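Working notes, structure below.
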């Protein structure tokens, strides 16, 4: 009944939302989910108290190969200059063909 | 110390929140967590700019059997007509008897 | 390319955010991500309609040992008197040294 | 052109140009709450000036109007438009119910024309919100044994739109003109400015809805312009029966012509799952809403003058 | 009845009927920030009219009141009510601290009665917010060696309630009457309307809180009505000592009688984890808050007339 | 001191004392939308009083100013400050662009001095927002073959700041003085109060930004105070060329001296990733913004008097 897919979660500064969304789709994902977030990390506290200090948390369910290519792209494009954290895990989805 | 449980995550249109919450409990879950979300998928962009275009993201930690019966119910009830995505994974919880 | 780490997720009443954030860092985590949440559980409905009824959802990616010591601390400190749910899973991260 | 409508056009421009302007969801919610409550309050204060008994007959006429419009729309959608049952029923519900903001713009229009209207009109607004939604559910499901209308009725009446309008009406009625005075700076003076902000946001949203509609061919587009004209005619007829003033006629025609995009979508989404919300919202918000704002309201006003003068 | 209280009742009705109306959390927060700041500002402007030295003695008396009330409440809760130590201490803290919104409603009440009051009262409001919370922590933990009050004190004073009230007070005092004039349309004229909105929301919340209270039996219910009366008597006594006017007496009695549901819950939740927040919020917000709004304020006003006239 | 600046200082105090006061993100957003739109509207209504042709030459002069300031700032940052290319370019863009809130405070300052200004100034505000950002991107990337300015230009012009200012300007121009009248209670009367709220929030934020700056040594600190003075001189020169009044000169000098912390950061973050945002925000928001509010505006006003009188 279920199919195994990758769940790729990205936490990064809000300013990247639009660009990231487009890129994720371009790499072959069929959708994503975004929530507002705040947090702390190597770049200090990002408390979402005003525009430039907010984070987003983006989740992408996709095939492992797509997840890998998105991750590789983000690593190359954003790791050096942006506050961005990325992690992956396995999830079981219904309607596997959707992702 | 920890017990293995299922984490069932549902992303769907906000209008379903109340109904879904009640159903999830009726199927034997003992709680759930909801966050506001937006996203993209087969149904296009849902950007939460106004009421009808918002999503929610609901997480339910429960026993595998409960997760399966919730998933089956949602598949039957909502897949055809609603923007709804659902996935499952294993998590380790403290106080396993709580879930 | 990726390293395995623990993803510790905590759902609890908003009032704890500041204290919890500090404690998590003190136990050796290098960051965390917070989103606003609401939910239902043993303590009834927490619908975020006003200050005292809101939840937060905090995610910490860290080494397994750190996750365990945070979990042990939270269990000891908060389980008895606070609405707090906690679960763990494995995730694969890039830049493992970051976490 | 009514100034607040210019804000709507700015929003539409932003939407079409894909500006990244977006109102935070909480801001949109807060403004909605304010507008609904303020309209209710103002209506309640007006109402306090009339004996309550005089409300009963007009209310029944208006309820009939709220039932007649969706019943008239449904066969058009189903047989002329060839839409499937659920969609026809859902769209009929949207057009039978009302748009609170269209009502507010029409009121602003009347103020600019120095035309007054009966306090009762806000009661009509509240009365027209719910019945069409119930009719829509019946049309979709049939009036069979298994159908439970209770939950839907409950949902609509305790849903925030009706609750705030009705609640405002009752509070306004209880506290009366002197009670409202110290609240006036918020609920009266700011009203039009907040309405302008809301219309800016609705312009952004409407631009996207009308884009979605393009996929569904010309029938809905024509329907979304012709149906309000038919409904307005029904509204004028009912208003004439009730002997309304020119202002009252204009508002009742506008109410009839307007299509819901807040209460109806939420209710239909749950009660009639197999109706496609892109169709009903595309028509009601993407076409009928701008049409009424720009063309409809002045037209209904002209028609009201003829009806009242005739 | 004071108009804003009618909004509260509407909210209670919505809560009891389980309407799906809900203020977005950000809206609730924004309104709170506004109300606290506006009250502070108004008080600060008033204060600018008095020499600062004249504030010292009254302040000490009021501080004593803020210590006395929780010390009086604690034994009642602990021994008459049989509550466990943490709960008795936490509830005592809530009742010793104050409800800013109850204060605002009492001020509105006085405006309607055409009764003025001393500018000092806003200072009293700020002074009464914190001490009871510290007393509550002491009662719960004992004044032992290991107890660190610094963090709790810091938390309360820099917490947003006290910071905004006190900050507003200072800003109002600095900019004075001419400085506030151009800010008046926001901070003065809109005040009562925003208060009405807030009371609508608090009604929704209070309805749920009082439901939670039912589980805990009749003692708390009685306490939540009798304690404000006792505290009001203490407040009137203190006010009489200070020679306050009828308006000032009414407000000080109201402050004494009111129970905190913003600052105290947040502080007690962290400082006294084993106190059950459903008890303290159920009593303070579910019973005492509505009681003061509807019955208490007019009563304290009558009492103030007697005290002042006597 | 201008009253709204006192709110800024309260925010700074809260930030330094680490108060837990925090505006919800949606509230911050809502206030920004309001302020930008209100400024645009007011400017548009003013503009409606002038023939449109008279705008062209001044606009070109002001555009030149918007290009000149970042070109002047860049070599200072790069060679005197030893900053790397991307950082120098990004900071230059921030200082060439403008702070809408600084402009609003300067307008409020002029109102208190009873000094009027040309309606054109809001147009200048809009015109100065974008060019420096494009110059900054060019400075960072070079004007090579592969550089696509289209997306950046699009981003800035359809970004919410410029869209709301420009949109407000157009709407104000279309609806004119009578159209704005019923919207005045929201967009005019409340303006200063909302500005005060916004400044409170910006104080909280600025306190944190200036802390971040400490890590980067004294050069940026000096730059953040000297650069506005240079820019103000350029602004006064341009304004003198255009024959502006004292009020107009003050505002143009303030615009030139102000540094962007809304539009520029968002654009530079995407277009020049290797620039460190802590540097540019630390300088523009942590130092220059408070400097202009407290010292700069009165200074530019004095200078404007000399220039205009000389």
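We just call them A, B, C, D, E and F in the order they show up, numbering each chain from 1.
The rule is short, and it goes like this: contacts are C-beta pairs under 8 Å (C-beta built on N, C-alpha and C of every residue); 3 or more make two chains touch, one makes a residue touch a chain.
Predicted model only: the values in this text are computed from it and were never measured.
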Chain whose Cα centroid lies at the greatest distance from that of subunit A: E
Same-residue or different-residue interface between subunit E and subunit F, half as cut-off: different
Centroid-based (C-alpha) most distant chain relative to subunit D: C
Length of the line joining the C-alpha centres of subunit B and subunit E, rounded to whole Å: 40
CA centroid of subunit A to CA centroid of subunit C, Å: 19
Subunit C and subunit D: spacing of chain centres that average the CA atoms, whole Å: 45
In subunit D, residues with contacts to at least two other chains: 20, 22-27, 29-30, 185, 190
For subunit C, residues contacting two or more additional chains: 35-36, 89
Touching chain combinations (by label order): A-B, A-C, A-F, B-C, B-D, C-E, D-E, D-F, E-F
For the subunit D and subunit E complex, residues of the former touching the latter: 24-27, 29-30, 33-34, 37, 155, 158-160, 163-164, 167, 170-171, 174-175, 179-180, 182-187, 190
Subunit A to subunit B touching residues, read off their complex: 1-2, 5, 7, 21, 25, 30-36, 61, 89-95, 98
Touching residues (chain side subunit E, partner subunit D) in the complex: 3-4, 6-7, 10, 13-14, 17-27, 30, 108, 111, 185, 189-190, 192-194, 196-197, 200
Subunit A contact footprint on subunit B (complex, rising order): 9, 11, 35-42, 55, 57, 71, 75, 79, 85-89
Residue numbers on subunit F that touch subunit A, as the complex places them: 22-23, 25, 28-29, 32, 201-202, 204-205, 212, 261-262, 265-266, 269-270, 273-274, 277, 281
